[in-house]
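After this come two complexes, each holding subunit A, first together with subunit B and then together with subunit C.
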Partner chain A sequence: MEIARHWRLKEQRYNLTGTVCTKCGEKSFPPRRVCPKCGSETSAPFTFCGRGEVYSFTTIYEAPTGFNETAPYTVALVRLEEGLLVTAQLTDLGNDKPEIGMPVEMVTRRLRSDGDERGMLVYGYKFRPAVV
Partner chain B sequence: MTDVIIAGIGQTPVGEHWEISLRSLAVQAIRAAIEDAGGLKPQALFAANVFAPNFSHQAHVGALLVDYAGLAGIEAATFEIGGASGGAALRQAYLAVKSGLVEAALVVGVEKFTDAIGADLETAAATETDSEYEAVHGLTPTAQAALLARRYLHEFNAPAGGLAGFPLTGHINAAGNKNAMYRKAVSLETYQKAEMICEPLNLFDIAPDADGAAAVLLSRRDRLPVDFPHPIVRIAASASVSDTLGLHDRPDPLTFTACQQSVEQALEKAGITREQVDLFEYFDAFSIYAALSLEAAGYAPRGQGWKLAAEGAIARTGQIPCATLGGLKARGNPLGATGVYQAVEAAAQLRGQAGTNQIEGAKVAMIQSLAGPASVAVTHILETL
Partner chain C sequence: MTENKNLLKPSRPVGIVGYGAYVPRYRLPAKEVARVWVGGRGTGLPIKEKSVPGLDEDVITMSLEATRNAMKRAGVDPAEIRAVWFGSESHPYAVKPTSTIVAEAIGAAPHVQAADMEFACKAGTEAMVMAMGMVGSGMGRYAIAGGLDTAQGKPGDALEYTAAAGGAAFVIGPADESLAVINAVYSYVTDTPDFWRREYQRYPEHGNRFTGEPAYFKHILAAGKILMEAMGAKASDYTWATFHQPNAKFPQRAASLLGFTPEQIEPGLLSPVIGNTYAGAAIIGLTSTLDVAKPGDRILMVSFGSGAGSDAFDITVTEKLLERRDKALKTQDYIARRTEIDYAMYARMRGKIAMK
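So, the complex of A and B:
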């Protein structure tokens, strides 16, 4: 069921909420039950600040279903201030050419429109050039 | 311990086989491998396939294939481990025969890309990434490779076009492989003029999706037919290692850790050093993966793998010949079948059956198949007895 599959991720998609290991302090996004560093199963929710810089990026012209309307679009790996990487599209670039090291910040945008006749829209995080 | 022998090999040409179905392609390769092994009958069939459920609306490929290959009744299973499916199915057959529980096991890889077109291909390919945190953002396997390539060129100050040597080498070698998809050498100028697909990757940095099937029949040495006609090639080592599925989950995406560890384990199990390897069939689904694989395998320092291609070290007469029959780029990449093609080609090299592409005196071959950006790396070492 597509709707439930996206709805249950709302804390991640809208707030960039992952986890922090209460034992070793390792932060994770996506959230994880088992800490990838120490193996502990005690984690608490942790909301990332949403600021970072572009680690790498590319532009996609041949898009999968659901992305045809937005193609071409630019996808990046963003290094968050907290140190880890997240995959997301770059948006609101205007005349800015994306480059490695560019400071960016999280915004909420439409990610994709479901290819089927129900026309479900999926919203979530993208990153734009940092305003401040 | 039991020696696991590659008793039979079979393959179809790689390309666009609009007129041949999934099952017919696979059966051609299976029957060819059985014939090559002098009629040896397998007790198990391990099929490798990724996209039949998507493209051909066909799951349960293993059961279908044993029936249509005239082997009904034997054990049948299907393995889907992304691009590493072929290597993984080979490993399962190796384990089965090595254990002594199965006397002869057949591995067949088959992929049928031309049963789908357009966005369906990209949509299916994207399922190989983390669906909830990569694909939902529009990421595809090609884009993953492009992200790595851009960062690589930036971090190590490699020139634009620094990866050209990989596709150029593959195309030179494919010219001598009658089963290859593109049997033609290409010039540096052609590479430089090629259409940009996913910057910085152009058309030649990306191996073509293709139809194809390849099969190998493994058995114990004491079960080979008395008049077995080929030089004997054994599997000296098999190793499979996994890494995170999501590229963003790695502390350093530019190190293919699974690739590195599976090579180290395989070399140790085979009791050899990397310098004793006569040829390396790497997994050049993208030119950047060839560079990262050579670095992970220890043939070049970090950030320097591209130079091996630029300087000719991976040519057939070079220090470590790679993609000796075209590699994924020029032989073509029938995804689930690719790891099995690598085994067929390496066995042909070690038997001395590689024709104009023969690596003189080749005794040890290393083959490696990768799922995604080395989310799984399966490495095998083959040697002549």
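So, the complex of A and C:
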């Protein structure tokens, strides 16, 4: 049971919320207390727009514990419009083949159950092919 | 027109400030169900195909996407929302609200009411009427109400052909900010045992033909008729109408009996291509109608929930619809995003294969 961790991470997971350095404007995800660019310790929450494109991807057939319900699934590095790379599952691929450069958008989906079917449900960001 | 004291009309006029729909990507053709369970006999199938949620989707994720679409259209500050209410008969948790997660994710928490509604297929409109009451009384400026389901149908049962996934959410607010004003609502409720699901049961039970005349038609027709009489309106005064749609036939017959033409219900009649989205069925008909409506258009919406009851809404579209409609995905955008699956994949996706 990791309910405290899931609860602590909910804001960034539900909405792709990271930080922006109030000194130099550098954006970070996941949130950073210290700016990796200028070293400033002042930051504000920043919610990314959720649009981007697939930078690279791989398909997982042998899923780690907790993720086998949805295997096989594709994990991608997504280059967000704001320039950052985020690692996330792709979803709603249907019969589409994932491709480098594919336009994608963030959705909030069920990531897994914490433990077995009695555990809390964990929700967070994934990316799907852009609908329009 | 004589004032009907049974109408639900807030003292402060209210309306729909924003609306959003959601339908999952996957489709199971009804003929696939017939292939597996009745040797492929395909005559009299209730719909063409139904929507099926992906492996990582449930009422929480779907409610959130519909709400995000509604918020994009409404353009209001989430901190001004005082209630988040979602109706469904497939909330992922037995205890822990869907509505708290949606409220948190859209930034409405913590100064907010949040609860889940249950009234079979009318839980969504039940939430809408509650939101009207909150806004209309001045307790809050905006309230979010919606209805979505990942509906259950017993394998091989008549309901399995139609039990689908999807729904809609609305930001209810003051009439002068609304893209559609809700003129009045009338609710008609009785104790009718046409369909139910007992605690801990996976699949609902229903009364077969008993679900028709004494349940669906009695309540839909009474609610629609009484509302129209009270408003001094006839079917031809409305531009559009949308009804709860458990299949393709029932809403078409209800429309006809109330005096509506096939053209009036065409934009909201989605059950042939997405199935019965239960708590979402009448209201996703409304979002689809709003997607094509013009300012000044008048819409009648009548929901139906087993148990049983109907909520009838008299709605008038305003000029604000035109500037907000294109700010989010439309209902038909989701319907067009279609991937067909077979019964085996459906059985996996809906958890019908026992793993332990």
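Going forward, the second predicted complex is superposed on the first by the 128 of 132 C-alpha atoms of A that agree within 3 Å, B and C clash if a C-alpha of one lies under 4 Å from a C-alpha of the other, contacts with A are read in each partner's own complex, and residues count from 1 in each chain.
Everything below uses one rule, namely that a contact is a pair of C-beta atoms (placed from the backbone, for glycine too) under 8 Å apart; a residue touches a chain by one contact, two chains touch by 3 or more.
The structure presented is a predicted model; accordingly, all values stated were derived computationally and were not measured.
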Clash-or-fit label for the pair subunit B, subunit C on subunit A: fit
Partner chain in contact with A:D92 - subunit B first, subunit C second, else both or neither: second
Partner chain in contact with A:L77 - subunit B first, subunit C second, else both or neither: first
Contacts of A:K37 with subunit B and subunit C, given as first, second, both or neither: neither
Touching partner for A:L111 - first (subunit B), second (subunit C), both, neither: both
Partner chain(s) touched by A:Y14 [first = subunit B, second = subunit C, both, neither]: second
Touching partner for A:F67 - first (subunit B), second (subunit C), both, neither: first
Superposition-derived angle with apex at the Cα centre of subunit A and sides reaching subunit B and subunit C, degrees in steps of 10: 150
Partner contacting more residues of subunit A (subunit B vs subunit C): B
Subunit C versus subunit B - closest C-alpha approach in the superposed model, Å: 12
Shared subunit A surface residues [contacts with subunit B and with subunit C]: 70, 89, 111, 126
Contact set on subunit A toward subunit C in their complex: 10, 14-15, 69-70, 89, 91-92, 94-95, 107-111, 120-121, 123, 126, 131-132
Residue ranges of subunit B touching subunit A (in the complex, touch as defined): 119-120, 122-123, 125-126, 130, 132-140, 142-143, 146-148, 150-151, 154, 197-201, 246-250, 253
Sites on subunit A touched by subunit B in the complex: 5-6, 9, 12, 30, 36, 55-68, 70, 73, 75-77, 84-89, 100, 111-112, 122, 124, 126
Contact set on subunit C toward subunit A in their complex: 24-26, 54-58, 60-61, 64-65, 92-93, 96, 101, 104-105, 329, 333-334, 337, 339
